[in-house]
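As structure tokens, here come the structures.
What follows is chain A paired twice: with chain B in the first complex and chain C in the second.
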Partner chain A sequence: MAGLATTFGSGAMTNAINEIEDAEVILVIGSNTTEAHPQIARRMLDAVDKGAKLIVIDPRRTRLAECATLHLALKSGTDIPLLNAMMRVILDESLADHLFIDMRTENFAALRAMLYRLDLAEVEKITGVPLSDIRRAAQFYARARRAVICYCLGITQHICGTANVQSIANLAMLTGHVEKEFTGVDPLRGQNNVQGACDMGALPNMFPSYQAVDNGDYREKFERVWQTRLPATPGLSLLDMTHGGPGGPIRAMFVMGENPLRSDPSLTKVEETLAGLEFLAVSDLFLTETAALAHVVFPAASFAEKSGTFTNTERRVQLVRQAIPPLGDCRTDADIIIALSNRMGYAMAYESTAEIMEEIALLAPIYAGIRHDRLQNSWGLQWPCWNTTHPGTPFLHKYYFTRGKGHFVPNDHVVPAELPCQDFPFLFNSGRIYHHYHTGTMTRQSALLNRECGEALLLIHPDDAARLKVRTGDRLCMASRRGAVEIKAEITDQVAVGSVYTNFHFGETPINRLTIAAQDPVAQCPEFKVCAVRLEKL
Partner chain B sequence: MRHVLTTCVYCGCGCGVYLREENGRVTGASPSRNHPVSRGNLCVKGWHLHDFIHSPNRLTSPLMRKNGELVAVSWDEALDFTAQELTRIGVTTSQQGIGVLSSAKCTNEENFLLQKFTRAILKTNNIDHCARL
Partner chain C sequence: MKDDSMDEPFILAKDHLKSFLRKIKKGHRLVAPVTNQHQDTLFCTINNLDRVPINLVDQAQNGIKSFLFPQQETIATYAVTESGYCFSRTDVHPEPTVYFGVRPCDLMAVLYMDVAFMGGIKDQHYLEKRQDSVLIGLNCNAPFANCFCSATKSGPFLESGFDLMFTDLGDRFLVEVGRPKGRELLHAWPQFFTPAEADDTQAQYQLSLEAMAGFKLDVYADQAMQRLAAGMVPESVWEQLSLRCQDCAGCAYICPTCTCFTIVDRPSGAASGERLRSWDACTFAGFTRLAGGHNPVPHKTHAIQQRFMHKLKYDVDKHGRPSCVGCGRCVGICFGGTDIVRFIKMAGEE
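Right after this comes the complex of A and B.
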């Protein structure tokens, strides 16, 4: 998000999901789309059926890569040199859109200077991708009239995540693939309402609608509506809170519907931090690993038991409608917050969730025209929606970028925080699978989903398996500098020699004990996608 | 039997889905045919969207830790104790010792209220969620 904010001015998908199926070239980088975003993968495959070229950049041969025109199996963490090399090819072959660059962007000279310093033979060595493939990918992308780039956590979950995203934005601006329908840069947001939670200001430095908390004008507006003084300094980010240790700055926490004890990196540290708190309150549907450590646990109502809105990855704000009353003694999270607020001397009274949306519309300009009754008889509204007659915005940055001119930010290769070495010879990567969702709190309750996929499997290349004398189904001990888990092996050449991969949904195989808490300095996204491990057969 | 149109809670695609409600229970999920994202399709998670709602593992009453064990208590007791602890620790740490995690699973309205609660009542900007995970 920070990467697109510095280049385009807005950290969201620039297209609508349905535009993808009419693109001529789709470049997918760091996204396992068929597993994590099935409906978007469907659009990509529909586009391929209509003759589009699909380029997949991923260290693994994912299912989508098997359907691709071109699969660039780069080494993990070498996205920047690969993208830079594509841009260099585009310059060398005069495929850049100079009219777009002149009229709509700034700082191109700095990017050009960096690209001309680039040694393409060196890039081939760093990335492990043949230069001929890089050249073909660059030609496909640059020559297309309608080209879309989709990226996901494979790009952002690196210590250079922001620089990765900026490099993608550079590539799109260099070729003018931004301002049109069926053309753009699309970060795929992982969770159902991660876009909405960001829009609503569940961030340490932003009020709703990305209004900075340290900006006096914005703060004054919120103070006037809420009738109270508000803190001016940005707060601590998630990892600063959960990795502070027992002597850290945080003494008490309130956690609503999250399970940091499975989702965060370097879990042992998270466990120490949470166990050392003076007070921990958790609101959740289930007694999660995090809730089991709490002093107070609130039973929350599920989405079927409440009303409100979610905002999907294409910025579409949609209604959640109540189907049944809250089960047992459960209450909605909104009711819990209101009850606590009233007990702590600040009265909150809302007749309905529709009334909460009216307050959001008052304070968040991108939601200014959104009301529950407008969503009732439509398929939602895509923000920005500036007033109650505005139809919403399917694609962003038409005629001008949110920040005015698009800004090129040149970046050099950043070596991952921890690479394999003699003691920890394998590169470990993790991600999502089709049948389960995040820490499995909800999907692991389903007998059918568990039958389809009931445990974590470690994907390992046949050559590595032969050296370790491991067969599919054998149990392995996998250890990093931070922790160890026991896991079952599956032999497949979808992964490269020297790399292993698994999923993080399974509470009984908490692989985030192994992952590293090194993070991107700007976006503070942890480097889940690269760390070093060793394997022993049990 | 009713079919209630709502939005799927799994990934960021945001499919339109009908929940089948029978005698106060959600017994099935099916895709909306006209919704621009789902267009009559769901993934395997979406077709089983209702499975977790009536799971016997659902929490149904507030819990509080007493002598090391989590035991069922009334809402008033759980809310009073939480309000009291958050107030106390807020005072002893000059408002900087409280952290709040919001959720990409919850609604916009709930996220809005929780950041308002954090900023206006707890007087801190220590609020975040798992956007990056």
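Right after this comes the complex of A and C.
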């Protein structure tokens, strides 16, 4: 988010999902789209059917990579040099859009200077991708009239996540692939409402609609409407909270719909921190590992039991209609917050979620024109929606960037926090699988989904497997400097030699015991995607 | 009216349709396609004829499969006793049901389900729901966007298989009598029906010709079946489609003739629980995976093979006709672009 905010001025998909299928070139980087965003992958495959070229940049040969025109299997954590090399090729072959650069961007000279210092032979060595492939990818992308870049957590979950995103934005601006329909930079957001949560200020430093907490004017506006004093300093980041240790900055915590005891890196540290809290309250649909540790658990209602809105990855605000009344004693998230607030002495009285939407419109300019009655019988509205007659905004940055001029931010290669060494010789990466969602709080309840995939499998290249004398189905002990898990092996050449990969959905195999708590200095997103491990056959 | 004259077609004025359905409702549950407030058209039980608009124009998003073979049903309950598991069968006594407005494809699909569930071993759970049901069809004057029932010979007009069959002639329906249960309905309320004239049957014939010409997709199902029978569909077709299949099973769930199910036990405590059967799909890896992890079907390259082989080859070998009825629903729901129309096209390419 921070990466796009510094370059474009707004951290969200610049396109609508439907536009992807009419792109000429789709560059997918750090996204296992078929498994994590199947509805978006569908548009990519439709585009391929219409003749589009699909370029996939991913250390693994994912299913999407098998459908691609070109797959660049880079080493994990070398996205910046790869993107820089593409940009260098574009400059060398005069494929840059100089008119766009002159009119719409700033700081190009700095980028150019950095690119001319780049040693392409060195890049080939760092990334492990043949220069000829980098050149072809650059040519495909730059020559297309309509080109889209989609990226996901493979880009952001690195210590250089912000710089990765900035490099993607540089590439798009260098070629002018930003301002138009079917053309843009699209971060794919995961949860149905993660975009909405960010929009509503579920960030340590922002009020709703990305209005900074440390800006006095914004703060005053919120204080006037909410009739209370608000803190002037940004809050703590996720890792500051969950890795503070006993006696850390946090004494009590209220966790809603999140399972940090499985989803955060370096779990041993998280366990210590949560166990050391004076008070922990959790609200969730099912009793998660985190909820099991809590002093108070609120049973929460599911999407089918409540009304309100979700904001999806393409900034589309859609109405959710209650289908069944809440089961048993569970209550909706809003209900839980309102009841808590009332008891804690701050009265909240809303007659409906529509009334809450009105307050959002009052305080969040990008939602100013959104009301429940406008969302009835429609496919929703895409923000920014400035007033009640505004039709919403399918693609961003038309004619000008949100921040005025697009800003080039040149970046050099950042070496991951922990690379394989003699003691921990394998590079470990983790991600998601089609049949399960996050820590499996919901999906692991389904017999059918568990039948499809009921345990974590560690993908190992046949050469490594032969050296370790491991066969598919053998049990391994996988250890990093921070912890160890037992896991079953699956031999496949989808991963490169020296790399192993698995999924983090399984409570029985809490692989985040192994991952490192190093984080991006700006976005404070942990580096889930690279750490070093060793394997022993059990 | 004499019995032997009953099998001549009749006319029902559209003005009297609701009155006729109201009479039917006195002795039956009525299921018909209805458009709800979210603009979805679905077959559902009609409690109040005056409240819901029956939609005879659009294609219902569901067929009537789930009424006869629910997505999930309890087939037994169990108690754990000292002597072991003790099962008791769940008895259901479904109401006699009239399904109204069933399109030829969905009607053919029920006939296929009859073969699947009652052809050899009689499936009691299906039988109970099926035996007291009456199927009133509605011929398709204008095929929908993804339809190809002419290619699978299950529409757009049917001549048999129904209890009653309606054809929309503008201000009136031509009503044909198929099976005895349909005849009984007409017998019970003869006041709504008048014998059809030659002009009416001529108008129906004309409409059927126009409908045959109205298909928007060219689907050469015969050719695909011949090439499957001759083993001429190359491996690369399965591989390409399996790679793109997104594993969602939407095709099987929406398909009016997919009848595979799985059985799971859901404990309600340590000592008791229920045995459920729910829809399953051959495109899932877990459908064929064995204990120990081996899968006789290489999922990555052949996940989709069983589906099309079953529809277009195995059932042709067994019953002489494909079990795809050309309703086109899977074409609309598939997000990988691996639907049966795509397969038929790829199978036909040299």
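Just so it is clear, the second predicted complex is superposed on the first by the 538 of 538 C-alpha atoms of A that agree within 3 Å, B and C clash if a C-alpha of one lies under 4 Å from a C-alpha of the other, contacts with A are read in each partner's own complex, and residues count from 1 in each chain.
Convention: a contact is a pair of C-beta atoms (placed from the backbone, for glycine too) under 8 Å apart; a residue touches a chain by one contact, two chains touch by 3 or more.
What you see is a predicted model, and the numbers here were worked out from it, not measured in a lab.
Chemist: Pick one for A:Arg331: touches chain B only (first), chain C only (second), both, or neither.
Modeler: In the superposition, A:Arg331 contacts chain B only.
Chemist: In this superposition, which partner touches a larger number of chain A residues, chain B or chain C?
Modeler: Greater contact footprint in residues on chain A: B.
Chemist: Figure out whether A:Tyr434 sits in contact with chain B (first) or chain C (second), or with both, or with neither.
Modeler: After superposition on chain A, A:Tyr434 lies in contact with both partners, chain B and chain C.
Chemist: Which of the two partners, first being chain B and second being chain C, lies in contact with A:Thr388: first, second, both, or neither?
Modeler: Touch status of A:Thr388: no partner.
Chemist: In the superposed arrangement, which partner chain does A:Thr268 touch: chain B (first), chain C (second), both, or neither?
Modeler: Touch partners of A:Thr268: none, neither chain B nor chain C.
Chemist: Could you tell me if A:Gln39 is touching chain B, chain C, both of them or neither one (first, second, both, neither)?
Modeler: Touch status of A:Gln39: both partners.
Chemist: After lining up the shared chain so the two structures overlap, which partner does A:Pro299 touch, if you call chain B first and chain C second: first, second, both or neither?
Modeler: First partner only.
Chemist: Should A:Leu448 be classified as contacting the first partner (chain B), the second (chain C), both, or neither?
Modeler: Touch status of A:Leu448: both partners.
Chemist: So in the superposed three-chain picture, is A:Trp379 touching just chain B, just chain C, both, or none of them (first/second/both/neither)?
Modeler: first
Chemist: Going by the contact definition given at the top, which residues of chain A touch chain B in one complex and chain C in the other?
Modeler: 38-39, 42, 321, 434-435, 447-448, 452
Chemist: In the complex of these two chains, what residues of chain C are touching chain A?
Modeler: Residues 38-39, 243-244, 246-248, 262, 264, 266, 278, 280, 284-286, 292-293, 335-337.
Chemist: Where on chain A is chain C touching in the complex?
Modeler: 34, 38-39, 41-42, 45-46, 49, 63, 66-67, 321, 377, 434-435, 447-448, 451-452, 472-473
Chemist: Which stretch or stretches of chain B touch chain A in the complex?
Modeler: 2, 4-16, 19, 21, 24-26, 34-38, 41, 43-45, 48, 50-55, 57-65, 70, 75, 78-83, 85-87, 89-90, 92-93, 95-117, 119-121, 123-133
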